[in-house]
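Going by the order they are written in, the chains are A, B, C and D; count residues from 1 in each one.
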Amino acid sequence: MARRAEVTVLPMAAPEDVSALAAAIAEGRIVPERIVAVLAKTEGNGCVNDFSRGLSVMALRGLLAAHLPPERLEALPMVMSGGTEGGLSPHWIIFQCLEDAAPGDGPALALASVVTRPLRPQEIGRPAQAALVREAVTEAIARAGIAGPADVHYVQVKCPLLTAARVAEAGGDVATDNMLKSMGLSRGASALGVALALGEIADLPEGAIGRDYGLWSGRASCSAGIELMTCEVVVMGQSADWGGPLRIAHGVMQDAIDAPAVAALLERAAPGAGLQGAAGKVRAVLAKAEASSHGAIRGLRHTMLDDSDISSTRHARGFVGGMLAGLTGRTDLFVSGGAEHQGPDGGGPVALIHEA
Amino acid sequence: MARRAEVTVLPMAAPEDVSALAAAIAEGRIVPERIVAVLAKTEGNGCVNDFSRGLSVMALRGLLAAHLPPERLEALPMVMSGGTEGGLSPHWIIFQCLEDAAPGDGPALALASVVTRPLRPQEIGRPAQAALVREAVTEAIARAGIAGPADVHYVQVKCPLLTAARVAEAGGDVATDNMLKSMGLSRGASALGVALALGEIADLPEGAIGRDYGLWSGRASCSAGIELMTCEVVVMGQSADWGGPLRIAHGVMQDAIDAPAVAALLERAAPGAGLQGAAGKVRAVLAKAEASSHGAIRGLRHTMLDDSDISSTRHARGFVGGMLAGLTGRTDLFVSGGAEHQGPDGGGPVALIHEA
Amino acid sequence: MARRAEVTVLPMAAPEDVSALAAAIAEGRIVPERIVAVLAKTEGNGCVNDFSRGLSVMALRGLLAAHLPPERLEALPMVMSGGTEGGLSPHWIIFQCLEDAAPGDGPALALASVVTRPLRPQEIGRPAQAALVREAVTEAIARAGIAGPADVHYVQVKCPLLTAARVAEAGGDVATDNMLKSMGLSRGASALGVALALGEIADLPEGAIGRDYGLWSGRASCSAGIELMTCEVVVMGQSADWGGPLRIAHGVMQDAIDAPAVAALLERAAPGAGLQGAAGKVRAVLAKAEASSHGAIRGLRHTMLDDSDISSTRHARGFVGGMLAGLTGRTDLFVSGGAEHQGPDGGGPVALIHEA
Amino acid sequence: MARRAEVTVLPMAAPEDVSALAAAIAEGRIVPERIVAVLAKTEGNGCVNDFSRGLSVMALRGLLAAHLPPERLEALPMVMSGGTEGGLSPHWIIFQCLEDAAPGDGPALALASVVTRPLRPQEIGRPAQAALVREAVTEAIARAGIAGPADVHYVQVKCPLLTAARVAEAGGDVATDNMLKSMGLSRGASALGVALALGEIADLPEGAIGRDYGLWSGRASCSAGIELMTCEVVVMGQSADWGGPLRIAHGVMQDAIDAPAVAALLERAAPGAGLQGAAGKVRAVLAKAEASSHGAIRGLRHTMLDDSDISSTRHARGFVGGMLAGLTGRTDLFVSGGAEHQGPDGGGPVALIHEA
């Protein structure tokens, strides 16, 4: 039999609520050994002191520990993205690789994950990280049986950040000694690693990370977390080796209100269905959002960067989330902030997993 | 000549920035004596301690004081709505009544304002307030030469709130002694007054204000402010007595992601233009947003009411703002929070002023 | 041998950081079977969406599960209080009951805990809860061998709150259907239960909970949590049955700047030591803080209740924390918010555990 | 007659509330022509989007415009410091220079202000700014008739910041293109200018501003504002040329809980009066507060720099404000955040104006 990707979105009543996942496992809808990656939108602030992410990870590990050996659990990518601003709904997305599709059924959604070696603090946010992510993406493409970079539609990366202890360990030879900034540099280095692997950029000029935002990937989505020193890379694309009903497509939002880019994706998934008409066929939406650094959207000033009460990432997620929810008719959307080198300034990549 | 409504949207670089308005006056595009009402979205938090509203009012009065006699300035409705969450853009909306349209040119956008007598603190948030607003709406309809309630599309009300001093003045005989709650009750009483005037509800049952949210107006938009004791009422509709190119239409969003309701309005303004295709014809968008009280949108949990760091009104404005911006292709939208009795729970009225 | 209370304050590098506790157990300084209660200040917002508390509890349970049978773990009071505003430092406080003191060594710090039966949702925030807490306090006094209410100096209560599900379970027959309000009513009912047990009030008049703030306990500290339906009660006092060097004393801050009340306690602990001179003898400081409901401190307006960006409880903890830190010379202080019926309006109880 | 400084603290019911000042003018207690400087603590967030400061300035100008010629009004230092976290109370502090003291009555509080020429954007946050402030301080010392730097106890500086427009005007040749950072650099350059003028440092090494925090002034308090391009400098000290009952003294808090440094000042003002015993003699308290950059206070971790919901400056003001309020017994204290090069890392200068 050929491989088949299964993508299951489950609700979360609180960050530590794994009851829907436990039920799905009990019913056999989800088979722990088959899980390739777990993504989740949790309801914290998505910034430095977001404890909802850690709580979800701890609860998820607690549940899966009964089903998986420790080394499998350790290597399983768990990407908790904090922030369900506006009407966004906290949810789990479980990616499984089953082996029950009829051969020749594809091309269909294909995916694989690779975890890099642990980074040294000196490497975080620097070209060395980009190189490691580049290799991991290339390896994951091969593992997934995806023909080449052109068939990749989305790459999720979870990468490390710098803490005071890690800065000290590196003897101060680090990209930045600011924890929050290190998150952005790490996301950016990962994104540029994806861009290199996918041929979106030819090479990585000296000093480009965190500076030359003209360089970006239209298919990378990166988030930084304190709990790992490796980079976890999940590649999604389409492959003739895989079967089943799921497909993936992507687009790039040029700015925070680029609804047409998203509508085009939805139209491809459900031609002629119109506004919110594709809802029944949409399995998951994965998008990045951020405030444009120049302080405007289509020439009109925004205030996200001047608000000292709410982080601009929270503003951007809620706003872009509202746009996506209006177009799709649902609120369990994986909208993630911090889009350094992920799409153009103020815009971001968006991927759609849907039924054929 | 017949009357003609002119609606001018102007940018605001900061709450106190009236330079665009000053320039428009200098150029003759705006004639101070012709101004019927000024609305603005300012960039504060839209809650109790939003000082951007007061700053805008003070700057606006400072500018207009050179052009208008004190009593005209005093009676001019100035509705500053705080909160430009997400990518929303701070802006002024100036409503003028000119007298240069050809007779028989309409029906076109028509508007008029009425200010009630000052309320006593005892009346705020209670049926007496609703009755006063009802009368004012009816009077404004007549002043505007609108044929009847069916031709009214939007009623903006600015109404007072209770402070500790006002509660004391009333000897404690007040709807609530909580300032924040009094804002909601005042908005709600105003909205139900509009609903009565427009025949959307037949009567106002005892104890309904702030409680029976099954009663609502689909055309009211109410905001409460500390600086007034009257209710300022601006009625907008269509009338054959008015001419010029501007039209108004309204819809009711049933929930926070009711994009189809908005798309239908835009389709009427620019048939066949498609997503963001009406942008050139849209003059202003006026909408209400709020978090549904039952904690979900189409069955999926939202977290707006559980976030102790960000007020739910801020979440709702950014999210609904994102949806509206995606549909219209612009971010200078008047999205206002606190929709008690203004549209169904979690939804809200939306009005569109556009060129024919 | 007689009983001896040991109180150990340990640092916490993050909510899930139990490394200091694990080390203390490994070194034998803390014996899991001897733990009577665990308190912690965690670094969340201390409000509805504070996930640092749940994370700390999950990490603590994970650690202790290797040392204690499930039923002991289940019955162990774990009171995580969110909010380390200003310079307050996150920390654990471990209370142990050892049996190694010489008889007749006291009177010394004595403590015991009692857990009530689970409350029905109908009982939360109502006199039934107060009655249950009253009984539990009385029983804990007996267990601790404290001679009587006069020798009790501090009662920590953790109590349940109402969620939508619990409101539904009760068929709507509840004290409030607002989750945040239910936290206040539950804390208040618990505090009045303590006041009854200690004879600070003679009876509980109908309708007093959450309303008549003239009724209060000067020795109760109550916090509400979503994770339990029982009330966990920890009583601390002095008893001749206990030995060892630790003592406890309490005072009542009349307002948020009542430094003299705290200075008097410190003077008793270390006579003549002066400002910050008692630091070496202080083992733990337990205090409540809140914004006065009348909006002023000694006649000067405060803005804590008007700030829609920061909860008043966060303001109050940081401010009172600063005062206490200035007096004691340390920042690992257990300052907890939400002081309904716990001390006078705007003030709160404060207890000092120190070496003789 | 000799000069006499008068310092009047007045309450503020809202940022735009100048009623107490108007009353004081009407009663003759404050003579507009005699005002040397106005300071105020207003209730905004004290960060980028704090509109309470602008609102207070606009209201104050509105009031004084009736009493002062435009050029006098323009040159009057108005230092609005946002942020009354915790129990701090919004207030005005009016500094007057009267000429009614008996000669030889001093030494007493002496003060004078100097406004520098407008800075070019290129100069902001750089040594050129420090040099200008240095000159202004020296000139103000002379104007005030203060014998020398040793008799200066407090220097308040209000200085400009960089906006996108100003960065563009300078063709990008600026210290930083980040608005928030430019505030810190500007405050830091001003503080080092004060340190140079007072001989607290001998020279200003290349690259020290915003970097070498071992260089600082123990008497500078600097705040940056968008509304000016000059630096407004107010020097306060003691001089034998001045008379009257007011005195000033200063200390340096070594960290955020350095209560002994403050207690020593209070003891000098009212020997033997004890905790809160000096309240009747204290006229004003002026202090800086900030979070230590190394993340700890006396070795215990603080969380101010990791809180993405509340700015560390807000945390620091509330916490240090609580300490100061506990020591003095009052809450109308001028505690200002952003203490770059103003006192040691995590600490700050504090000045006390009191009656002899």
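Criterion: contacts are C-beta pairs under 8 Å (C-beta built on N, C-alpha and C of every residue); 3 or more make two chains touch, one makes a residue touch a chain.
A quick map from chain label to UniProt name: A, B, C, D = Cyanuric acid amidohydrolase.
Quick caveat: nothing in here was measured; it's all calculated off a predicted structure.
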Of all other chains, the one whose Cα centre sits farthest from chain B (Cyanuric acid amidohydrolase): C
Option reproducing the contacts of B-C, where over half of them reappear, out of B-D, A-B or A-D: A-D
Whole-Å separation of chain centres (CA-atom averages), chain C (Cyanuric acid amidohydrolase) against chain D (Cyanuric acid amidohydrolase): 39
Where chain C (Cyanuric acid amidohydrolase) touches two or more other chains, by residue: 43, 45, 49, 303, 306-307, 309
Arrangement of touching chains [line / ring / star / complete / other]: complete
Chain C (Cyanuric acid amidohydrolase) residues within the chain D (Cyanuric acid amidohydrolase) interface of the complex: 11, 13, 43, 45, 84-91, 256-257, 259-260, 262-263, 275-276, 291, 297-298, 300-304, 306-307, 309-310, 314-316, 318-327, 329-332
Chain A (Cyanuric acid amidohydrolase) residues within the chain D (Cyanuric acid amidohydrolase) interface of the complex: 45, 47-50, 164, 179-180, 295, 303, 306-309, 311
Contact set on chain A (Cyanuric acid amidohydrolase) toward chain C (Cyanuric acid amidohydrolase) in their complex: 14-16, 43-44, 49, 51-52, 54-55, 58-59, 62, 309
